[in-house]
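In what follows, chain A forms one complex with chain B and a second complex with chain C.
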Partner chain A sequence: MTHTDPRAGDYVVATHGLSKRYGRESALEHVDLRVPDGAVYVLVGVNGAGKSTLFKVLMNLERPDAGTAEVFGLDTGRAGPEVRAQVGYVPERQDAPYRSMTCARLLRHAAAFYPEWDHAYADHLTRALGVRPQRRVGGLSKGETRRLQLVLALAYRPPLLLLDEPTDGLDPVVRRRALALLAEHLADAPTTVLISTHHIHEMESLADHVGVLREGRLVAQMPRDELQRTVRSYRLEVPDAWAAPRELQPTGLRRSSAGRDVQCTLVGEEREVARRLAATGARVRQVSTLALEDAALAFLPEDPS
Partner chain B sequence: MTAPAYRTAERRARGARPPLPRLRSVLAEQVRATGHALRGPALIAAALLALVTLFAASQVLSRGVDLTLNAWPTQLPGLMGALLPIAVWARDERFGPAFLWTLPVDRRRHALTKALAGWVWLMAGVALFVLWLLAVTSASGGRALPPETLHVVTSQVAAAGPLDPAALRTVRWAPGPLIWAVPFTAATATYLLGSALVLGSRHPLRWVIGTVLSYVLSSIASEAASAQLRAGWLDDAPGRLLRLLVDSRYGLDALLTARIESLSNPAALTTGESTIVWWGVPDLADWRTATLLWTGAGLLALWAAASRHRERRRA
Partner chain C sequence: MLVTLDPRDERPLYLQIVDQVRRALLVGTLRAEDPLPSVRELAGQLVVNPRTVSQAYRELEGEGVIYVRRGQGTFVAPTIHPDRRERRALVRGVAERALVDARRNGLGVEELVTMICEVAAEDEGEGSPSASAVRPGEEEGAA
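What follows is the complex of A and B.
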C-alpha cells in the first residue's frame, strides 16, 4: 500500500526495487522507498524487518543484491562520499569508535571530515545532551554512547538525517531532551529525516510520513494524515458468522468481540469501507481515529511468529 | 537561527551540496588520530629502549665494554614495520560498518590515507631508533659504521666442515652512508606488506599461523615423499623455497639488512679457531634492487587490499 507517488522526482531518498539477502535470509525485497524533501519519515517494523539494512545501503555500507538507491539524486553505490557528506547517521549499534579517545577528541576527529562542522553548535549539543567531553569513549555507557552519536550526526547540520533507533538506550529524561533538540534542529535548518524507531509515539509531533517494513517488504508508505485518515477503528454490529472483507484488513482482522458487536481496525476511505461493510451485512456504529502508533502497527501482525 | 544555521539554509536554498573534505585535511587528521592510537605501543617501545639503555650503560660503566655501533645487524625496523599495521588498524572494524567508512571520503582512498598516516609514524619511530643507536654508541665511546675487515670465503671451498684459513681472503669493507637508508626502506616494505595483510584479510593472524603450519607440514611431507619416491628434487623443497625467499640475492635479507645476515655466519677453522666468515661482500646494488622489488610488491598488495574496501560499485 504505497500512496507516495513513485514517479515524482523531488525525493531526497528514493530506492528502486532494492533487494538484499544474507545467505538464505531476505533482508530487503523490492523496496521502493520515497522520502520527500523536508519530510520527517518514520520507518516502522519489528526487529529484523530490514530497517538497519536499508540504512546501511543508503550509507553505502552494504551492497544491495538488486535495485538502486538514490540520496539527493546521487546513486549511493557510485557517489558514496558525496552522499555521506550530506547525511548525519546514527547507527543501530551503540559501540562508539576509537575507545581510547576522549569524547572531545572524537568530536575534533569527526570535525576534520566535515568542512561545515559547526563547533559552537557541537558544543551546544554536547552540553544539552550531557556528554562529558573529557570522558573516554571506551568508558561510556550505552546511553552516553547514543548521546555522543547524536552529537556526531547533528553537529554539521547535514541536510539529511538517517537515525536508526536514535533514542534506544536513552533514559526518559534524556530521550525527551533529545527529541526536543531534534525539533529545534529541524526548525533551525531545513532537514529531511528518515528515522526508524520502536517508540512511534515519540514521533507523534514530528512525523509527517510513515513507512512500514515487514519481512523486508515495504507494505505501507504514505503521508501521516493519509495514514490516520485511512486506517481507523470501527465498531460494528454484525450478523452471525460474519467475516470482514479481506481487502480491508492490512494483516488479518484485529478484532475484539462482545456479542454481536465487533471492534476492528480496517483500512480504506471511510465512506468506501462503510459501503463494503454494508454489503456484508455489518452496520457501522462508531468510527474513531487512531494514534499514529496504532495506525502504523495495523500493518504489522500481532503475532510476529 | 544561528549564523552557521543561516548559512546552511542559504546554501541549501541555492541547491549547493556540502563540500567534501580536502585530502590534505584527511591525511593530517589521520596522522593525528593514528598517532593517538599508537601511544600505547610507543610507550612500550620507549620503555624497552630505556631498559636496554640502562643495561648498556651498566655494562659500559662496570666492565668498560666498547659498544661499537654496527648499523647493519638489526632487523628490528623491518619487524617494527611488519607489526605496526596491527596497531594502526586495531580500532577499526575493517570489514564491518566501521565509523571510518561512514565518513565522506572515498573508502579505498581513505584506507590508503590511513596506511600512509601509519607510515609517517613508522618513519618517525625508525628515525628515533637510529638516533638512539647513534646516541648509545656515541655515549659509550664507540664509532658509527667503522670500516670492517671481512674474512671472505673463496668460491672453491665446500660449505661443509671446518674451513682452511688459506681459503679465506681478507677484505676491508666500509659500508658507506647509504647503509643508513636500510632501516627506513626495510621498515617501509614490511609495513606495506603487513598493512596489505591486515587490511585485506578478515583474520590476518590465521593467515600467519596457517602459513607457518603449512611450511612445517610441507617440510615433513616433502622429506617423507623424497625418501619414499626416491625423488631427490623433493628433498627439503619447502626449505629451499624459504631460502630462496629469504637468503637469495634479492630475498628478504637483502631488503632487511642488505644481505649482511645471509652472507655471514660463524664457522670453525681447521686451526680449531672459530670466526665470522663471509660468503661474499655485501653489495648495496642488491639491496637497491631488492628494495624496489619488495616495495613494489608491497604497494601492489596494499592497493589490492584497499580495493576490497572500495566504494561498492555495482556491476
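What follows is the complex of A and C.
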C-alpha cells in the first residue's frame, strides 16, 4: 500500500530506503517517505515505532545507517544547515540548551537568527498560546515548553513544519487552540506539514495524507481520501466455519455468538472486497466509513492480549 | 450560518461544507449577498485544512451559488433561487445516500420509495414534527 511514484521532485520531503539501527534495535527499515508539496501529512504509530528517529534524520540530528533523505531536494546529510533554515521543528523532547534564558529572551534570540521572523505574528502566537514571557525556559512545565516551541516553529513562517507530537502535554483547550492556530497558519501561507502523533483523532480534519509507521517500517502511505475509501468496516452474514480472506487484511474481527454475523475492518476497494467476500460465501450487509484513527489502526497489529 | 462537521459522515469534509451552505440557503439562514466566513476563519473555527474550505468554496463558486469580490471576501450570489436548483441538489444528495444504504441492505428502489411514503403517511397521521417541512430560520433540517 505504499506510494509507488519514485520521483522525488514533486515532494518536499522524500526518503529513499532509509534505515537506522541502535545496536541491535532497528529504528527505521527501508523507509520511503513521500510528503507532497503543500500536504498536511500525519505520521501515525505507537510509541517507539521510529517516528522521532525519522524526524531527527530529516533535521540531520541523526545519521542514517543506509539510505538518504531529501528536504526541498537537498540531501539532509550534506546540507543540514540549509535544510534547518527552512524548517520549523518541534522536537519530541526539549533538550533546553537555553534553560537560563527567559522566554522573551529566547524569542528575541530566535528572531535575530531568522530574517523572516514576523514580530507581530510571534506576539499574537505568544498571547494566543499563553506563553508567559518572563518565565525562565528551564522552569517551564512540559505543556508550557510545547507552547513555546510552537511559537518558535511558526513565527518565521517556514515553508516546512516538522511537528513531532506537537500537542503532547497540552490540555484539551490549548490543544484545540493550537490546532486552530495551525489551520489559520496554513491559510495564510503555503506550508507543507509533517506531523507525528499517536492522537490521530485530533488531526482528523487537518490531515490530507497519512503514513503508518510500524516497528520502523512504513506499512501504509496514501492520501487521506484513499485511506477512507479503501479501509472500511463491513458487517457480514457468513456461512459456518467462515474465515476472512487474508488478502483483505482483516482486523478488529467480531463475531456473533451463533457465528453467522461478523463485523470487521477490511482493506481494498469496496467493489473488489465485496466480490472476494461473495466468493467465500459471505454476504455484505452494511459498509461504513471509519474515522481516520480506526482506518489507520487497520495497519497496526492487534493487541496481543 | 454555522457550519459543523461530522468526521463519521461518509461524505468528504468539503462536501459537508457545500451541503451545509446549500441547506442554509434553503432554510433562509443564508440569503443573497450575505458574506461567508473567509477560508482562514472557517478553517480556524472547524480546525480543518484550509484546502478543504477552499475546495468547498470553489465548488459553490462554480455552481454560481457564491462569488468572490476581490479584496472584500466571499458572498452569496445576488440572484440565488434556492427553491429550485438548491433544493434539487439537496434532495439529490439525500436520495443518493438513501439509495446506497438500500443497495447495501439488498433492497430495491421501489421497496425503498414505497416504504418512505408509508412511513411519511404514518408520521403525518401521528402529527409527528419530523415529517413537516423545514421552516425558514431553523438551523437543523430533516436531512
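The rule is short, and it goes like this: the second predicted complex is superposed on the first by the 286 of 305 C-alpha atoms of A that agree within 3 Å, B and C clash if a C-alpha of one lies under 4 Å from a C-alpha of the other, contacts with A are read in each partner's own complex, and residues count from 1 in each chain.
Note that in this section contacts are C-beta pairs under 8 Å (C-beta built on N, C-alpha and C of every residue); 3 or more make two chains touch, one makes a residue touch a chain.
On a predicted model such as this, the values are computed, not experimentally measured, just so you know.
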| item | value |
| --- | --- |
| Overlay on chain A: chain C relative to chain B, clash or fit | fit |
| Chain A as apex of chain B and chain C, Cα-centre angle in degrees (nearest 10) | 140 |
| Touching partner for A:188 - first (chain B), second (chain C), both, neither | both |
| Which of chain B and chain C A:207 touches, first, second, both or neither | second |
| Greater chain A contact set [chain C / chain B] | B |
| Which of chain B and chain C A:171 touches, first, second, both or neither | neither |
| Chain B versus chain C as contact partner of A:38, first or second or both or neither | second |
| Touched partner set for A:85, first chain B, second chain C, both or neither | first |
| Partner chain in contact with A:121 - chain B first, chain C second, else both or neither | first |
| First (chain B), second (chain C), both or neither touched by A:272 | neither |
| Which of chain B and chain C A:289 touches, first, second, both or neither | second |
| Per-pair minimum CA distance [chain C against chain B, superposed on A] in Å | 9 |
| Overlap of chain C and chain B interfaces on chain A (superposed complexes) | 188 |
| Residues of chain C that touch chain A when the two form their complex | 5, 7-10, 12-13, 38-40, 43-53, 104-106 |
| Touching residues (chain side chain B, partner chain A) in the complex | 1-2, 4-5, 8-9, 12, 17-22, 25-26, 28-29, 32-33, 36-37, 39-40, 91-92, 97-107, 311-314 |
| Chain B-facing residues of chain A, complex | 56, 59-64, 68, 72, 77-78, 80-82, 84-86, 89, 91, 93, 96-101, 105, 109-110, 112-116, 118, 120-121, 156-159, 188-190 |
| Complex interface listing, chain A residues touching chain C | 38, 40, 176, 179-181, 183-184, 186-188, 201, 204-208, 225, 283-289, 291-292 |
